[in-house]
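Presented sequentially are two complexes of chain A, the first with chain B as partner and the second with chain C.
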Partner chain A sequence: MKKFIQEGILVNVRSDGRVNKEIRQKKSTHGYLLYTNGSCKVECETIIYTGITLELQNQPKFSIKIQSIKKSQTDKQKALYLETLLQQLYDLDMKNLWISEKKAFVLNIDVFMLAEINEAYAELIAFSIQNAIQDLKFPEIKVTQNLLTSDEEYELQENKFRKIDLKIPNISVVGQVGLQLVKDLTFDEFFAVEKKYIISKGERLQVRQFEQIFEPFDSDDFLRVVQFI
Partner chain B sequence: MQLEAAILEEDKQLYLPGDMISDQAGLMSGQNTYEENGRIYSSTIGTLNQTNQLVMINPIKHSYEPQIGEIIIGKVVLIKDKKWTVDIGSNSETTLHLNSTYIPEQRQKTEDDEMNMRLIFAEDDYICAEIHSINNDKSINLHTRSHKYGKLDNGKFQQVCHYLIVRQKKHFFKLENEVHVIFGHNGLLFLSNQDRTINQVDYEQNYTIQQRINIGKVSQALTFLNQHQVLISQGSIEKLVQLRDQKLSEQDCLAQLYEFLNKK
Partner chain C sequence: MRRRNDGRSLNQLRNIKIKTGIDLTVDGSCIYNQGLTEVICFIRGPRARTQNNLIVIDYSSSPFSNIDAKRNSSFDKEYSMFAENLRESFENLVLLDERGKSEIVVNVCVIQNDGSSKSAVFNAVTIALLDAGVRMRDFLVSVNVGLYQGDIIVDMTNEEQRDAQGDLTISYQQRQCKIDYYELKTLKLNSNEVLWLSELAQQKAEEVYKILRNDILSIKRNEL
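Showing the complex of A and B:
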């Protein structure tokens, strides 16, 4: 099967009939989950649910947690790898998350998949997180000072929302077979291509090779990938 | 969905888990039912199937349950004790014994064959086989004693819901656009340019661009049929490929496809 996929990519006819630059249609439904501040359901090769809940803490941050309905022996390591990778690529500007000098919003992003956790689904998970963040509504919080204790007090304003512009980078995965590059890899294609790159395109452009995220790679390949995207 | 329409057409009542099926005395509770205080209840979503005194529920969606004689496509996961363990998407353990494989010279298997099992089928290889027998402990024995069966390579595998595969007399087809399809009863299909009904040592390995485009069209048609829960057969695939070539909208495609399938 690997040979069939690789030869197809080289002649620009993939196994599912797409050309190398073509992206699959992904169905996304915003606001799917109740009791979240932002959520999304993405249906493509598998179904991924993403929910974002907000908290107030002393420092702004965001955390990603990935879980799956299908358990395997390696799912914990794979989940940890994907969570770390995505957190590094999501270089979010946190200064907009402060609501006062002492408190800021913390984003808890929970991703739930109906397939086994695998790095092949990295782009789909990133797409799901991006859509959930687009659906995110920050509640309006009134900050007052307690005159007796001089502590800050926070009051949630019902049905009022604060507009916070979170610039989310677009994360995609590109595969390479020979000199041909291919976008939006299916599960089988992910394991058939010779090299895989994960790209974060936001205020900064980050390009990393899968499984070698801490090592630099060939400059010709880098230029080819930048031109391709 | 075609399945829903089929249930409504046959005027069958749909039972949900916990629905009472009957409180008559003398009835026995069968598969997917349970008895409580003399009444029989359904334990899954499905339709009633009663044979004399035995009451069962046929579930709508369920994991693949193999039957003897069915053709499956599976992935080899383990080689041990003269057997290959194959994953066919079923809950039962599925094995292929060395003596059940096809060797053209029709000879007995020797110790050399046992040492070289990996040369026949290695781990992560996909194979096409027939279900030979089901043991008392529900484990399944496969066989590949025909030139049609064996290792599948250099083609496209497509996974669909197994209950959408229509039971037919044969499962090796050549479609109108020259794509050869093997329908696995377990929901895995193999698309290629290889005619496995002919006894060949080596199957065609090189694909032309048009063959690849045709395989892509069939793959997209299968994805569409699976997404809309339409029964998958040679006729439905060929008709859908024709409709998609006309660049109709999704709704028009579905409507014309249902019309075609109802006429059949």
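Showing the complex of A and C:
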């Protein structure tokens, strides 16, 4: 199977009929979940639900939690790996999340998928998170000062929302077989390709190789990947 | 006729939509939607037994299923009790090998809880078991009824369940006409109200059975 996929990629024919640069149609439904501030349901190779809930805390931050209905022994490790990787790649500008000097929004991003957690789904998870952030509505919060205690008081304004531009980077995964590069890998292709790169394209361009995040890689490969995307 | 907040009449069920075969790596699967309540169920088995129980239930809810949803639902007492009830209900129904060396693993998760989630879970597991081709003695359906603002209503939403004076969920074995699971949460109900709720629940369970039976038959016919 691995050799079949590799040979296909080398001649620009993939197992599902696509060419190397072609990406799959993904069905995404915004605002799918009721009890979130932003959500998305993505249907492609598997189904992924992403919900974002907002909190007010002393420092702005965002956290990603990935869960699956299918539990395996390596679940927690893989989830932790993906969560850490995505948090590093999503280099969001937190300045816009402050609502006053003392309080800021915290984004709790929950990803729930119907397949086993695996790095092969990194791009799909990132796509789902991106869509959920696009659907995100920040509520308008009125900040007043208590004249007696001089503490800040916060009042949620119903049905009023504020626009915060989060400048989400676009995350994609590119595979390499020989000198051929291929976009939007399926689960089988992910494990068949020789090298895999994860790219974050936003205000900064970050390119990392899977499983070798802290090691430098070939500059020719880097240039090839940058030109390809 | 008095209408509820979502436009339904007092006796009206929400739209039920089922979708089976969503994951081909498991033996049976189903997405069950009842209004905005969504439940997903995966079935693995029958396979060689690895644990003491005939049916192994993994019941959970997603972190965004409800405003009060907790992350570690498996440690919650209410969750573990309901999972135990699910296991007992379905263990009485499924027909596995005579030597008792098989087991079925059921993963059921509430994606979104907009009320009547327990009855949705029962129905989702039934449909997923049918999709997996597991033989069963009976067709188990479930329905939720309640007393809300003085009216007896069917299939409550989350908002209605929070303020209801009485909340009854039953699971019903359609062929034997027996109630298998009966959970009544109440502030104060008199015996007549309890009786009316129970009778209405049984009637509506028959209606749910017809809907599910027709849906699953048409899905399987289309597959053929």
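One rule holds in what follows: the second predicted complex is superposed on the first by the 229 of 229 C-alpha atoms of A that agree within 3 Å, B and C clash if a C-alpha of one lies under 4 Å from a C-alpha of the other, contacts with A are read in each partner's own complex, and residues count from 1 in each chain.
Note that in this section a contact is a pair of C-beta atoms (placed from the backbone, for glycine too) under 8 Å apart; a residue touches a chain by one contact, two chains touch by 3 or more.
Predicted, not measured: the structure shown is a model, and the values here were computed from it.
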Next item on the list: Record, for the superposition on chain A, whether partners chain B and chain C clash or fit.
Entry: clash
Notebook entry, point to check: Is A:54 contacted by the first partner chain B, the second partner chain C, both or neither?
Noted result: neither
Note to self: With both complexes superposed on chain A, which partner does A:141 reach: first (chain B), second (chain C), both or neither?
What the structure shows: neither
Margin query: Between chain B and chain C, which one contacts more residues of chain A in the superposed model?
Written below: C
Check: Of the partners chain B and chain C, which touch A:94 in the superposed model: first, second, both, neither?
Finding: neither
Notebook entry, point to check: Counting only touches as set out at the top, which of chain B and chain C does A:166 meet: first, second, both, neither?
Noted result: neither
Next item on the list: Applying the touch criterion given at the start, work out whether A:33 contacts chain B, chain C, both or neither, answering first, second, both or neither.
Entry: second
Note to self: Under the stated touch criterion, which partner chain does A:8 make contact with: chain B (first), chain C (second), both, or neither?
What the structure shows: first
Note to self: Residues of chain A that sit at the chain B interface in one complex and at the chain C interface in the other, please.
What the structure shows: none
Check: Along chain C, where are the residues that touch chain A in the complex?
Finding: 22-23, 25, 36, 40, 42, 58, 60, 62-67, 69, 71, 107, 109, 111-112, 114
Check: Okay, in this complex, where on chain A does chain C touch?
Finding: 33-36, 39, 46-47, 49, 51, 53, 65, 67, 69-71, 110, 112, 114-115
Next item on the list: Spell out the residues on chain B that touch chain A in their complex, using ranges where they run on.
Entry: 126, 153-157, 207, 209, 212-213, 215-217, 219-220, 223
Item checked: Residue ranges of chain A in contact with chain B within the complex -> 1, 3-4, 7-8, 11, 13-18, 188
